[in-house]
Amino acid sequence: MAALDLTGKRVLLTQASDFMGPVLTEVFTELGAEVIGDDGPLDDPGRPAQLVAASGTVDILLAHLGVPAARSAAIDASDDEWAHAFAHMVDPLPRLVRAVLPQMVARGAGKVLLIGSASALRGMKRASTYSAARGAQLAYIQAVGVELAASKVQVNAIAQNFVENPTYFPPEVQANPAFQERLAREVPLGRLVGAREDAMFAAYLCSTHADCFVGQVFPVCGGWVPR
Amino acid sequence: MAALDLTGKRVLLTQASDFMGPVLTEVFTELGAEVIGDDGPLDDPGRPAQLVAASGTVDILLAHLGVPAARSAAIDASDDEWAHAFAHMVDPLPRLVRAVLPQMVARGAGKVLLIGSASALRGMKRASTYSAARGAQLAYIQAVGVELAASKVQVNAIAQNFVENPTYFPPEVQANPAFQERLAREVPLGRLVGAREDAMFAAYLCSTHADCFVGQVFPVCGGWVPR
Amino acid sequence: MAALDLTGKRVLLTQASDFMGPVLTEVFTELGAEVIGDDGPLDDPGRPAQLVAASGTVDILLAHLGVPAARSAAIDASDDEWAHAFAHMVDPLPRLVRAVLPQMVARGAGKVLLIGSASALRGMKRASTYSAARGAQLAYIQAVGVELAASKVQVNAIAQNFVENPTYFPPEVQANPAFQERLAREVPLGRLVGAREDAMFAAYLCSTHADCFVGQVFPVCGGWVPR
Amino acid sequence: MAALDLTGKRVLLTQASDFMGPVLTEVFTELGAEVIGDDGPLDDPGRPAQLVAASGTVDILLAHLGVPAARSAAIDASDDEWAHAFAHMVDPLPRLVRAVLPQMVARGAGKVLLIGSASALRGMKRASTYSAARGAQLAYIQAVGVELAASKVQVNAIAQNFVENPTYFPPEVQANPAFQERLAREVPLGRLVGAREDAMFAAYLCSTHADCFVGQVFPVCGGWVPR
């Protein structure tokens, strides 16, 4: 038997075509999981529950909720920017979690993994709205993780930054010498974290080997934050 | 001259009658500040800007935004609970900050101090909504603090827990032996942090001595989190 | 090919018969690694270099250096207790790392994983000496990890606590109702982390999937610290 | 009465002529304290106890133990470099603390403040020995702080970096454009923390206002770490 095996696991993945969605699908599928990828709008309050209901058994919820960071100066960030970020990244999270918990608690088994952001762990300029939304996500996961531990449901988060993905780091950005210089200067790893490295770590955290982690936030950001 | 002196400083304090409001008013006033205490509703999108406009010069903004924690299990937390927490604790924060920044940036001086919560730093059971809202606050402050440093405006946060206040810890709670036992067990300090200890630290962080702190989160929770 | 495979990797493990040594040997061997387990004294200044020299190629160094915590009150901790802890847990670490780095840097590949302790991340009573030694280890790893990243050598640490092992938690301790109550109260997970869970995570961090982590500290302590 | 007043407090300060020693003496004296500055060698095992015995009543111990960082690459750091750093920065700390605790515990009052380093909180290149020693200090303080809280003795630490001092940042370094560029790039504050800002914060943490902090580490590093 392979040491890292998700055979038979049913995985619900939101925003399956965006950001880390494709690589998460690829890696989890390779490891034997059945990935139910969704691309529908999650800012509709009723949709998360419908989505979970339509998905049948969900062993693993990959809460993958992201919108591109606005890059406004704090002084210019608009109410609309804020509302958009929270409607897509924050409000759907408890709706998804609440919808999926009853079946997980009933089985005494299940995992929720948030694909979150390290921007909530260390301040970045021109990222106030985005960081705030990401901070809500991480603090929510820490609290729910501690609470659900006794039900044998493990709720954790990855806090990523500087991870290869087509939205933030398309080939032309990566080829830019100024970008490469910034990486060398700011990211101890000296390169972007590979998309598959990130997805494989997510898979590990969703495997039974990781039943010991609860309410924990794992930075995946090339050493940009040390823990 | 006293070492800790806020003479002549104009301080805008929100929710002035709630939570830490009264003790913040008392301590800042003793130290010479002029406290403009507000008690109006901040969930109205337009009000933060009106409030700031009506306050004239604001040297210090005490972003004091709290509602009692709901104590629901994560599985039971409602959309209404979430919306209420975010409408009062989260959404007003960038509105207040955006409204107050232009005058501070123009003067090349000013402080924003969030009276936040350590519940965003360490998971607690039955506090998922509250922790999420508090996490949004802290991550926002970290980002804005880093961004505004160059403008000589210092934006920081206190992350408190187990601080004496009439809302969370009324005399009858404090007298309860079960509560005292919990304090002894969970809080290294072995007692609640005094309300004046918390307010005095806030005053320190708003003094010119603290011009060196930017985007930083200071736990005030009797050692419940070590940093 | 299995997703988590250490076939052909040569692993140097210190204190191979103590603490996590046996389970690390078992799990790494299952995954295909060749484990060179050492049980010799490491407080002899010259021995780490000899050990590395005698080990030939070392792809992975498991820096596993622990002595039982003394449990003295801070006021009673003796110079001997301190010297013993540092001689066994701290001083050998840079000697091992310096000895193993040249071959790793020359190959442009290699991993050092410290099996460290979360006692350095959160204060515990009657553990001052032990925590100090563990703090030296973690800070060393963070610094070396950042420095060696450019050489494609990954240096990281696990910071564990409440992990099943025969030294700290023999069967009679685990069966003690007072201990079970303490676990329920202090450790969100509600149980000890399994020895194999810990070792498997160590294996993951030593696999090529984890080439993206540098200078990072990973708590493995059942949620006792959130990150 | 001034809000920040140390009148009548007897303060024992080690390495009084080095690093932060002169400014700590200046600021604490201005605030009314009687500073007993010592410059003797602390690597002699018996000296810390003698020093404390000769100092009479010590209300506040400023554990100020530093030697210039060696700046060696990890691969080149020698045993001598390590031994020197630990003999001066680490080993004297528990000896000082053990010597001063009995009188503080007997009075049910007292403060120990370590002037530590943020290099233990975030990895830096060419600082492995120094960071390790600083990590031992901080973890020791966290543990002792939690343990001594019940005795009404408060033990805490500042973790500083990028603080103005003649040893690390003499005028010629500060005037160097490359250094100024590095500050702008790496330190959110955009300048060195002033020596008096650091010393004043230390004074605050040693005042009775700060009786609520135990086992806590306070970064003072211009936002280089966010908490």
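Per-chain residue numbering starts at 1, and chain names A, B, C and D are given in the order in which the chains are listed.
One rule holds in what follows: a residue touches a chain if its C-beta (ideal position, glycine included) is under 8 Å from a C-beta of that chain, and two chains touch if they have at least 3 such contacts.
Fair warning: this is a prediction, and the values are worked out from it, not measured in the lab.
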Relative to chain D, the most remote chain by C-alpha centroid is chain A
Taking shared numbers over all numbers used, above half giving same and below half different, the chain B and chain C interface sides are same
Cα centre of chain A to Cα centre of chain B, whole Å, reads 29
Distance between the CA centroids of chain A and chain D (whole Å) is 39
For chain B, residue numbers touching 2 or more other chains are 121-123, 142, 145-146, 188, 215, 223, 226
Residue set of chain C touching chain A in the complex reads 2-5, 30-31, 121, 142, 145-146, 149-150, 159, 188-190, 193-194, 197-198, 200-201, 203-204, 209-220, 222-223, 226-227
Residue positions on chain D within touch of chain C in the complex are 45, 73-77, 79, 82, 86, 90-91, 93-95, 97-98, 101-102, 105, 119-140, 142-148, 215
Listed in rising order, chain A residues that touch chain D in their complex are 121-123, 185, 188, 223, 226
